[in-house]
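Chain naming follows the written order as A, B and C, and within any one chain the residues start at number 1.
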Amino acid sequence: MKIKHFLATSALTAGLALAASAQAGEITVVSWGGAYTKSQVEAYHKPWVEKTGNKIVSEDYNGGIAEIKAQVEAGNVTWDIVDVELSDAIRACDEGLLETIDPGILPAGADGTPAEQDFIEGTLHECAVANIVWTTIFAYDSSKISDGPTTMADFFDLEKFPGKRGLRKGAKVNLEFALIADGVPAADVYGVLETPEGIDRAFAKLDTIKDQVVWWEAGAQPPQLLADGEVAMTTAYNGRIFNAVAGEDKPFEIVWDGHVWDLDLWVIPKGTPNKDLAMDFLAFSTATEQLAKQASYISYGPARKSSSPLVGKFHNKDIDMGPQMPTAPENLTNAVQNNFDFWADNADQLNERFNAWLTN
Amino acid sequence: MQDSSTTTPETLVTADGVPLKQKLIQSTRRARLRALLLTLPLVIFIIVSFMIPIGQMLLRSVHNDTASSVLPNFAIAIQDWDEQGLPPEETIKLFVLDMQEARKKREIGRTVGNLATRINYEIPGSRSLFTSSSRKLARVTEGPYTEALLDINKKWDDPVLWRSLKRATNDLTPYFYLAALDMKYDGEGNIAEADELYQIYVSNFWKTLRLSATITFICLVLAFPVSYLLSTLPLKTSNLLMILVLLPFWTSLLVRTTAWIAILQTEGIINDILVFIGLVGEDGRVQMIYNQTGTIIAMVHILLPFMILPLFSVMKTIPPSYMRAASSMGAKTFTAFRRVYFPLTLPGIAAGTLLVFILAIGYYITPALVGGEDGLLISNLIAYHIQKSLNWSLGAALGTLLLAIVLILYWLYNKIVGIEKLSFG
Amino acid sequence: MTKLQTGYIIFAVLTALVLLLTGSIAVTIGFVFLFGTPLFFMKPLPAYSTYLNYFNKYIFLLICTFIFVFLITPILIIMPLSFNAEPYFTFTEGMLSFDPAAYSFRWYQDIFFNGMIDPAATGAAWWSDMWNNAQWVRSTRNSFFIAICSTLLATGLGTLAALGLSRAEMPYRAAITSLLISPMIVPLVITATGMFFFYSDVGLAKTYLGVILAHTTLGIPFVIITVTATLSGFDRSLIRAAENLGADGWTTFRKVIMPLILPGMISGALFAFITSFDEVVAVLFIADVEQRTIPRQMFSGIREQISPTILAVATVMVILSIILLGVLELLRRRTERLRGLTPA
């Protein structure tokens, strides 16, 4: 139903735009679908369409830079602006697949702070501008597990909490989780992963639950898996779980221990025919107000400091969004930021090993 | 007429004075040409839309010019290096200049990032060395370049890295086939087996072959009695029953896969029945899908008609009197079957088996949807490298190996069965 | 009492036993269907046959029944499931007790509503909204457009080539036939990958034309196979007769060849159509969201958010294939009738 609603809204924006102007431009905005895209449609797309009279075609994908690479190298770019993970943004930028973005085009914060100081450190890049901070947590259905898990170690403890586990298919994040569950403090995770022994240790820990794992790929899957009772607990993007709780009254509980947070950034594929419009949309959508507004639709933290004080309640319920953010201090007691350098260097190799491990 | 008959009396001649033999050759040639012309548009179409794309992909598996196009001058100079110690200062200077140039131009497909990706395949973990060094190299304006490079990062002091660069700047490389066969270059540049923990492709090829063989065998076992039944029934009844074979054949692959998910999943029909009968408890539901079992069941269902149709068309031609003759001469039913009937069905078995095996070995959709983790076939790994990991050359190398296997089987099919025997319904 | 009648009696006793032991009507019906069907098809064997012969024959028919059930059940079972009132993939209690409230058309409505801006609108607005915005409707339009275009191309080119291939004078016949059939043999992933790279280079990726060309390529083997099969039973002396009677090449083709090979052409075209209509790998690799087809939509549906709407779509697809199969059967009969007229 979420998808249905989202499509309805995005189609609505398209309709609005059509009414607004005949010679208006059109851009294709690509994001991760489901509740997340919906939050962007509400906070970015609709206001932008209303303001400029242009059209937006919204498309979903499951991450990765394959499509961008194919389009750019073929010189046939149909995606105008894409929401990507940090390590993908870095790699795509290194390979010359993205337009460079001048931070000068970004509006100053609501309080007048220049954009470059207003954005949280590390969220502005040569070819990318972050919009949100998100994280991978794990969650369970509290109507099925009463005395629920509280630590990452519990997630890997099949004796204490029997039942299937959902994990995202791929090496990233899972290796970090495994080490944290094995007793490595979140802050030291990448130090340990740099060593071959650390990698062996992470895989050994994953081995202990391998038989019980259901692997997911799309962000919409984990809440579905939990709701269908296919898994007892699953890792998930925190916003998806939050929205299932807030929007659909699901009895899901988020465990914040050991979560691995990351950024989502807007990038613009090199050579898009709608570069100017895409830049305009990018600047518009990462303004203080828009980022704060998005946070009222999904529990992802805005990338601007000036947006934080504006974050209020969930758009149609009396739920304070502040404590739901990955960056809320109480959620950061044992958390780690995804190390993009590590993954840029090791993703190929570790995914290969992960695939070999998975099939053997 | 008279003239020609006097000169070559033994030659027959047509009305216009040309020797008959020549005329015949002419007209056959014309007929051949006409036949060929009729096929020409399609042949051209297939070559352009099918052969060239595949050929181009095959080329990708041995030809990768990333490194040489990022480092054009260095690529030439490094070839003279004796692979001992570090390359000479002059060569390293070219390396630095090429890196600076590539960073400045940021040409699509020819950036330092592309080079870093390429080397990272062979030396995992070296990507950031290239990208971060390239940023710092922008400030280096004069020699000695070797020293400047080592100042930026000590890791450049490793001959293994430079050997890998020397190999990578050769556009033609067997590297991706080595990787597809779970092998690699060791530090000295010798071919060695990859670490066991990273081996995946050879075992997956075997698994694909094994699963395809299993599926083919099950199809044969299921198709044999059904085809026999169909071939012995009166035409009207067999036509009616044939619909039960043809309907699945005509039904969308995705529809059938969806149906199997509905039937086999843990909350699905079979499990419901098992729980209802009391064979398993509510929490003991059997996992029948998202694993090899699911792949096998769904694929047998999808490929079974491809086995039944050729078997049936061969069995239809075997007169029932043969079996009766055998039994009337005292053969037991089984002996008659083994010695008389079965050998006669061999062409059908060969046709069906090869066809099903060929189709099974390249399957993608069904394993991707119901295969879970251990039901994935080689096709899925190829798609992974093309769509996800972006190691296109490795994907192409795996594809070429798969294509080679399929073409050998296709050639066998042609030899044994003959392509013109292929028919549907 | 004949041996067959003994069988009937044993079966009746067993049925009664099953009913007594399980006490379930559903199980008994299942039993009667599975084990009774082979009995129903049993014919009296020759007089010298023993009970063992009868038993063997019964077992053989029983095995065949199971295999037919295996073949057809998955296709039939999705039909009732698609009328489920609940968002489940299995039969609910209510459905099994034939409670009308347990059945509904909601998933069929969903086919139209999915993606519509305002499903509650009425009149022309609703229709244009449905036509332009409903996701499944759009992918259906794409599927038909792509399938029809590629079918026309494949049938045209394929028939022409088949005419050439079936001529006695055709040089390199085996090699050319193998070449033209090969798109059916080469694994789809390889074909799709090759096309993905090549079509990207020449600007055909993410266009309707690209998808149509890809599907034409994949449909051609089927046209070649069916049309050459029809032509192999074709009496060449008819052509000479036509030419003798003064017909030129085109007239001969139109008046003599065409009517005779038409059934073959149509069934080839149907194969090409269904190939395109069912194809998803090439679409996954080379199509954009603009060219999204029904199978592509089902693929992501199954992968990401499986809902009974997919079952409703699947049911519609099954009905479509039943229609296609019916047309094909009529054609086959027509060919047989025509064949009957020509000397063997």
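Simple rule for what comes next: a contact is a pair of C-beta atoms (placed from the backbone, for glycine too) under 8 Å apart; a residue touches a chain by one contact, two chains touch by 3 or more.
Just so it is clear, the structure is predicted and the values come from calculations on it, not from any experiment.
Comparing each chain's Cα centroid with the centroid of every protein Cα atom identifies chain B as the most central.
Set against one another, A-B and A-C show the most C-beta pairs in contact at A-B. The distance from the centre of chain B to the centre of chain C, each centre being the mean of the chain's C-alpha atoms, comes to 25 Å.
Computed centre separation for the pair chain A/chain B is 35 angstrom, with centres defined by C-alpha atoms. Per-chain Cα centroids separate chain A from chain C by 41 Å. In chain B, the residues that reach two or more other chains under the touch definition are 267, 386-387.
Shown for chain C are the residues that touch two or more other chains, namely 196, 303. The residues of chain A that reach two or more other chains are 73, listed in rising order. Only residues 28, 31-32, 34-39, 41-43, 45-46, 49-57, 60, 222, 225-226, 229, 239, 241, 243-248, 250-263, 265, 267-269, 272, 277, 301, 304-305, 333, 358, 361-365, 368-369, 379, 382-383, 386-387, 392, 395-396, 399, 402-403, 406, 410, 414, 419-420, 422-425 of chain B touch chain C when the two sit together in their complex.
Residue ranges of chain C in contact with chain B, taken from their complex: 27, 56, 60-61, 63-64, 67-68, 70-75, 77-78, 81, 88-91, 157-158, 160-161, 163-165, 167, 169-171, 174, 176-183, 185-191, 193-199, 213-214, 216-217, 220, 222, 225-226, 228-229, 232, 267, 271, 274, 277-278, 280-281, 285, 294-295, 298-299, 302-303, 306, 310-311, 314, 317-318, 321-322, 324-325, 328-329, 332. Every residue of chain A that touches chain C in the complex is listed here, in rising order: 3-4, 7-8, 11-12, 15, 33, 57, 59, 70, 73-76, 78, 217-218, 220-221, 224.
Interface of chain C with chain A (complex): residues 110, 113-118, 133, 135, 196, 200-201, 203, 205-206, 288-289, 303-305.
Within the complex formed with chain B, the chain A residues making contact are 64-66, 69, 72-73, 91, 93-97, 203, 214-215, 228-230, 270-271, 341, 344-346, 348-349, 351-353, 355-360.
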